[in-house]
Structures are given as C-alpha cells and as structure tokens.
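Pasting the structures in now, so scroll down.
Heads up, the next two complexes both have chain A, just with different partners, chain B and then chain C.
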Partner chain A sequence: MNIREDKVGSFTLLAVSGRVDSLNSETLKDYLQELGKRESRVLVDCSALEYIGSAGLGALLILLKLIRKQEGTLRLCGLSPRIAEVFAIAGFDKLFPIFLDLDSALSAGA
Partner chain B sequence: MERKDPESGGKDLLEENRRLGRENLRLQRAVEELGILNEIAIAINSTLALEKILDLITQRCVPHLRAEQGAVLLLEEHKEERPFQTLCRVGDTSHKRLPFRLDDQLAGWMLRYRSPLRINDLGSDPRFATGAGDIFSVHSLLCVPMVCKGRMTGLLAVFNKKAEAGFSEDDQRLLSIIASESAQVIENARLAEKEKTLLRVQEELNLARDIQGNLLPKETPRPAGYDIAGKSVPAKEVGGDYYDFLAVEENRLAFCLGDVSGKGLPAALLMANLQAAIRGQALAGTSPTSCLEKVNTLLFRSTSPEKFATMFFGCLDTLDHVLHYCNAGHNYPLLIRDGVKPLRLSAGGLALGCLESFPFEEATVELLPGDRLIVFSDGISEAVNHADEEFSEARISELVAANRDASAAELIEKILQEVSRHAAGQPQMDDMTLVVVRRE
Partner chain C sequence: MKAEGDLEARFASSLAALPRLHAVVDRFCRSRAIDPDIGFKIDLALEEVFTNIVRYGFADDRTHQIAVRLQCDRHRIRIQVDDDGRRFNPLLAPQVDTGAPLAERRPGGLGIHLVRRLLDEVRYQRRKSGNRLILIKRLAEEEKRT
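On to the complex of A and B.
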C-alpha cells in the first residue's frame, strides 16, 4: 500500500494505491484519522488501488465521519470494477460520492 | 666450606616468608573468587524464576565485594523512554535505598559505553553530577554491563565499598565475570517468563474460542421439506463471523450470517454483541428490515467509528416457500437453481453500524424444489491461492451445481474442502462461514 498526498485546486488529493489488507489497514486508518481533522475537502483517488478489505473500508468510514463533522466534502474516484463491487456489496456506494475519474470529481459542483 | 652470613640468610627467609604470605593471600582470594563464582553458577542454574535468579546474584555479590548495596537492571526491549527496569535491589537493611535517579544515569552511561565503570569518589565525578544531597548515600560504585550474544541485556552494579580504598581492579574483574556468567541465564529466564505469559494468553484464547463456539446454534432446524446446515471456521482462535438459526414462529424460520470487520478478539467481542442484539430483535418477531434497522442503530452506538458488520438476514416461510430477506452489506448469497444463472440476493442496504439510522430494503424470493441457497462470508470467496487468485463466487456456484444430490451439510464440507485445496497450504487469512438451505 502507498499513500500520496497532493493539493489540487481546493481539494486535498489522496492517492491510495496497492493492496489495503488487514495487515496494513492500521497505517491507513491512522493517516486518515489525522487527515480528517486537518482537511475538509478531500478527494481519494483509487485508480491504483488493487484490493481493499473490510478493515480498509473501516478506515475510509472514519474519514467520512470526520469530514461530515466538519460539514466538508469527501469524494472518491477511479474505482476499478473490482473495487467498485467491493463498495457496492458493503453498500458503501450509498455512503460515498463516487466519481468515474479525477476530472469529473474535480469539476463536480460544490 | 661456604658460610652464609647468618644475618643475610635471615633476611632472605623473611623475604621468602612474606612472598609466600602474599602468594597465599592471592591463592586464598582466588579460591574465594572461584568459590563465589561456583556458588552463583549453581544457584542461578537451579531455577528458572527470573526474580529468584536476580536475588541470588545480588545477595552473593554484595557481601563478597563488601558493598552496601547491589542492583541488577535489565534492559527492556522496545522501550525507548525508560529502557531499563530495575528488577532487583539488595542491600544492608540498615542503609537507605539508592536514589532512583542514579539508576537512570548509570543506565544511560552503560548503554553508551558498554564497559565497566568503577568510581570511588562519586561526589567529585563530573560524569555523574547530581543535585546536592541527592545521592548523599553513595560514595563509590562498580558497575558492569551484561552482554548476551553481542546484545547488551542489562547491568550489574554494587555500591559503597566498605573499605577505605574503594572498589579494586580485582573487584571489577570478578563482577565482570559474574555478569557474563549470569547474562545468558538471566536471558533464558526472561524468555521462559515471556513464554509463560504467551501460554496464559493462549489458554485464555482457547477459553474464548469455546465461549464463542457455544454462541453458535447447537442444533440445526429441520423444517419439513428442507435440509439446512451451517458452519463457521475462524482463522484464529476466535473470529468475527457467525451464523444463527431462530425459530420465529411455527412454519417461519429466521436465519442470519454476519461478518464483523477486523479479526481476532476485537472482532469476536463485537460479534457476541451483534449476535445478542439480533437474537433479541428476531425473537420479538419483527421483519428482517425492522430487525436490522434496530440492530444497526444499537451497533452504531456501541462501536468505534471504523467498525461495522455485514449481515444477511432471511426469514423463510416453510409453508409457502417464500424467503423474505434483507442484506446489510454482506456478500451476495447465491441461489442455485437448475438450468438458470445463479441468483444473487443483493437487496438490503448498507453494512450495519456505519450510520446511526438507515432505511433498509427487503426483498422476497421463492424457493423451488431442488433450490440451494448458499450464504457465505468473504473468507470463502476471497481465499487466495499462491498466485493471489481468489476462490470466487463462480467456483462456489459451479461446485454447488455439480453436486446436485449432496445434502446441505455435505455441500458445506465440499466447499470448505475445495477452498482449502485452492489455498493449498496458504494460511487461512479470514474466518470462513457458510449456511446452506436446500429445498428438497
């Protein structure tokens, strides 16, 4: 798993790549917990995400709750069909605004 | 004939006598040293109890080196702030205890230089400048590192020599030998204690496994015209998966399969909570959606923000053969029917515990004779082989389709066997749970 943070326009862009499994999800959780307190507009780029397990979804859930508390914006983009299905099965597609790619996520209103 | 000057002969003799006396003293000391070394070796090898070993070492060093106090400090792994732990301190009861600050200073020095330290005038030693009156009771000290397989494991120190000249080089040599003799024995005792702790944890985990096993249904319901089975295999002693059968009323059977995020004990604790909540709601005879809506709120309120549970909840009418179900974020169960594509039971909503309230959906499906419903956790579908290839839903469907006449229990065993064949020696990464409902 790799995490890269950038600034793109008004968003903090977080690229999470590789495999997020039960062995490294704590790292992601700690990172997102800190990020969710520091930033209010976050876009998570999942285009290089190969696998995410339930612990990884839990880490994203923390981020969502922290951003919502700040009344901020959290968007996901670039989910591969495999990752999109993981989100859909858990019902997380109803929880997170998911965009096809980076451009559409950045250009969407608000 | 040669005559010796009687005067000079007497001198020689006197000199010889003195030399022998010195030699005698030296030998006596050597014997004493060997004696104490032997005594320590026997004593510390007679037990594996760490505290006793440390006691024995200090108890013998203090009187032999004519010190007032002695201490063994052991280096604690993974503790950067206070790397040493004083485990034993023995001294004359008539004297005050050593100030603990000195321990820290000694420990710091030893970690840095890893060589013996002998100070006979502590008050004027700039290396150990301490606040006035702080270490008033210590005037001399001798301290040596304990090294085991190239790694410093602790230090052995004695304080306040009861002699004007202070600690000698001989004292230092002896203490060094004792330290090197003891280091391995102490290390072994520490490892033995660690192992004992691990064994205790293991015992507790085994107990927890039994308790969790008892939470699973002890009997499988057998409504007329149906063959039902369930099984859960945790990846560790305990897991976050579970399944349950609940006879709601006559001709209505509720069943569920849940998967709490995470693994091991934390997941197991939450699983027990979830199981109790579901039982409470289901026995009240509510519909799958209202049951899951209430449990969702309960779970949300009693868990940390990253925790959630996926759950498939079904309620089967065994007279009209209709299954009412709600799938809260769980892997889609597969309804396998001859001649048609497997049906995935996806209606429901979000995993439980994510949001305080969520409007779940309910759907119904009719079970025809020969239909097999396979509810499974992701430990089954996501079990990977050496090439990182998942067992997959497709393999489950194929396997069930190919074993048309197998009973529900046999299907479960077949699936588990195939998963283990697929994983071929890879460790089981996740809990595996299955419920099979087969209409005869």
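On to the complex of A and C.
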C-alpha cells in the first residue's frame, strides 16, 4: 500500500494504491483519522487501488464521518470494477459520492 | 484422503501470515487458470475469515496453527479452514445493515458480510479438534479461462 497526498484546486487529493489488507489497514486508518481532522475537502483517488478488505473500508468510513462532522466534502474516484463491487456489497456506494475518474470528481459542482 | 491437485498449507495464527496466505491463493488460482475476478473474491474472503480467526478465535496468547485447504474442480472452488481455537462461529455475528444511514454505520462486522456475498456458500462445523469453515465459490463454465 502507498499513500500520496497532494493539493489539487480546493481539494486535498489522496492517492491510495496497491493492496490494503488487515495487516496494513491500521496505517491507513491512522492517516485518515489525522486527515479527517485537518482537511474538509478530500478526494480519494482509487485508480491504482488493487485490493481492499473490510478493515480498509472501515478506515474510509471513519474518514467520511470526520469530514461530514465538519460539513466538508469527501469524494472517491477511479474504482476498478472489482473494487466497485466490494464497495457496493458494503453499501458504500450509497454513502460515498463516487466518480468515474479524477476529472469528473474535480469538475463536479460544490 | 487428499485428492490430486489439492493445495494444503498451514499458517501461524498471526496477521503477519497474510502475505503468505495471499501468495498461496495466488499460486493456486494461477496454476488452475481460475478467472482472476474469481481469484480476487476468494483471496478477499479468505483474508476476512483468517483475520477473524486470528482476532477472535483463540482464548490465549499462544501462536496456533490455521490449516487452509484449497480444492478446485470444473464446477467449484472449495476452501476448508481449520483451527484448534475455542468454539467460534463467525456466521453468528450480527448482520450488517448496508442500507443504514451514515450515522448508524459502524466499521465493524463488514468482513463476514463480504465473505457471504463474495462466495456462494459458507458453512461452519464444530469438531472435536476445533473449528472448521467451508467456503464454496461456484464456477460457471464460462467464468473459467479456456
């Protein structure tokens, strides 16, 4: 797993890539908990995310709660069909605004 | 009796064993030309099952062994996971309401939900020697690579 953070326009862009499993998900959770307290507009780029299990999904859920608490915006983009299916099974497609790619996520309103 | 083509491996009851577990599943799927999308599902489901056993299945701090047996024929993949821990049936965990609003969603409980949905059948057996989980993923003929 790799995490890279950038600024793109009004968004903090977080690219999470590789495999997020039960072994490294604590690292992601710690990162997202800290991020969710200091940033209010976050876009998570999942285009190079190969694998994510329930522990990684839980970390994203914590981030969403933190961002909503400060009435901010969290968007996800670039999910592969496999990852999109995992998100749908978890019901996350109803919780997270999910965009096809980076451009559409950045150009969507508000 | 071990049928030809089965793959059996034993793992220490630690999350540190996960990379090897993934490697074993990957080798099994590649060598049997299993569709990578199916391979992805059984890899994820097996990690969730394994993680659950490591986290909740043992009453002591000793390292235990978890045995994984993978079998595949034209119709299905069968995975058997055995451990010698206390009685632990993950299928009894409360179901996650995936349609609940954000305020009511909690990070826990998603693992076994994913396992049930990614696979076709999940069975639990309590045996003298410990717990056994049997995971089945059916293979449609068109889903197998030719």
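One rule holds in what follows: the second predicted complex is superposed on the first by the 110 of 110 C-alpha atoms of A that agree within 3 Å, B and C clash if a C-alpha of one lies under 4 Å from a C-alpha of the other, contacts with A are read in each partner's own complex, and residues count from 1 in each chain.
Criterion: contacts are C-beta pairs under 8 Å (C-beta built on N, C-alpha and C of every residue); 3 or more make two chains touch, one makes a residue touch a chain.
Not measured: the values here are computed from a predicted model.
Enquirer: Considering only touches as defined above, state whether A:99 meets chain B (first), chain C (second), both or neither.
Expert: Neither partner.
Enquirer: Looking at A:91 after the superposition, I want to know if it touches chain B, chain C, both of them or none. Which is it: first, second, both, neither?
Expert: both
Enquirer: Pick one for A:62: touches chain B only (first), chain C only (second), both, or neither.
Expert: Both chain B and chain C are touched by A:62.
Enquirer: Would you check which partner chain A:11 touches, where first means chain B only, second means chain C only, and both and neither mean what they say?
Expert: In the superposition, A:11 contacts neither chain B nor chain C.
Enquirer: Compare chain B and chain C by how many residues of chain A each one touches, and report the one with more.
Expert: Touching more of chain A: C.
Enquirer: Would you mind listing the overlap between the chain B footprint and the chain C footprint on chain A?
Expert: Comparing the two interfaces on chain A, one with chain B and one with chain C, the shared residues are 22, 54-55, 57-59, 61-62, 65, 89-91, 94-95.
Enquirer: Mind listing the chain C positions that touch chain A in their complex?
Expert: Going by the criterion above, the answer is residues 15-16, 18-19, 22, 37, 40, 43-44, 47-48, 51, 96-100, 102, 105-108, 110-111, 113-114, 117-118.
Enquirer: Which chain B residues qualify as touching chain A in the complex?
Expert: Going through chain B, the ones touching chain A are 259, 261-263, 305-308, 310, 328-332, 346, 348-351, 354-355, 378, 429-430.
Enquirer: Residues of chain A touching chain C in their complex?
Expert: Those residues of chain A that touch chain C are 19, 21-23, 51, 53-55, 57-59, 61-62, 64-65, 68, 82, 86, 89-91, 94-95.
Enquirer: Please name which positions on chain A make contact with chain B in the complex.
Expert: Chain A reaches chain B through residues 22, 29, 54-55, 57-59, 61-62, 65, 89-92, 94-95.
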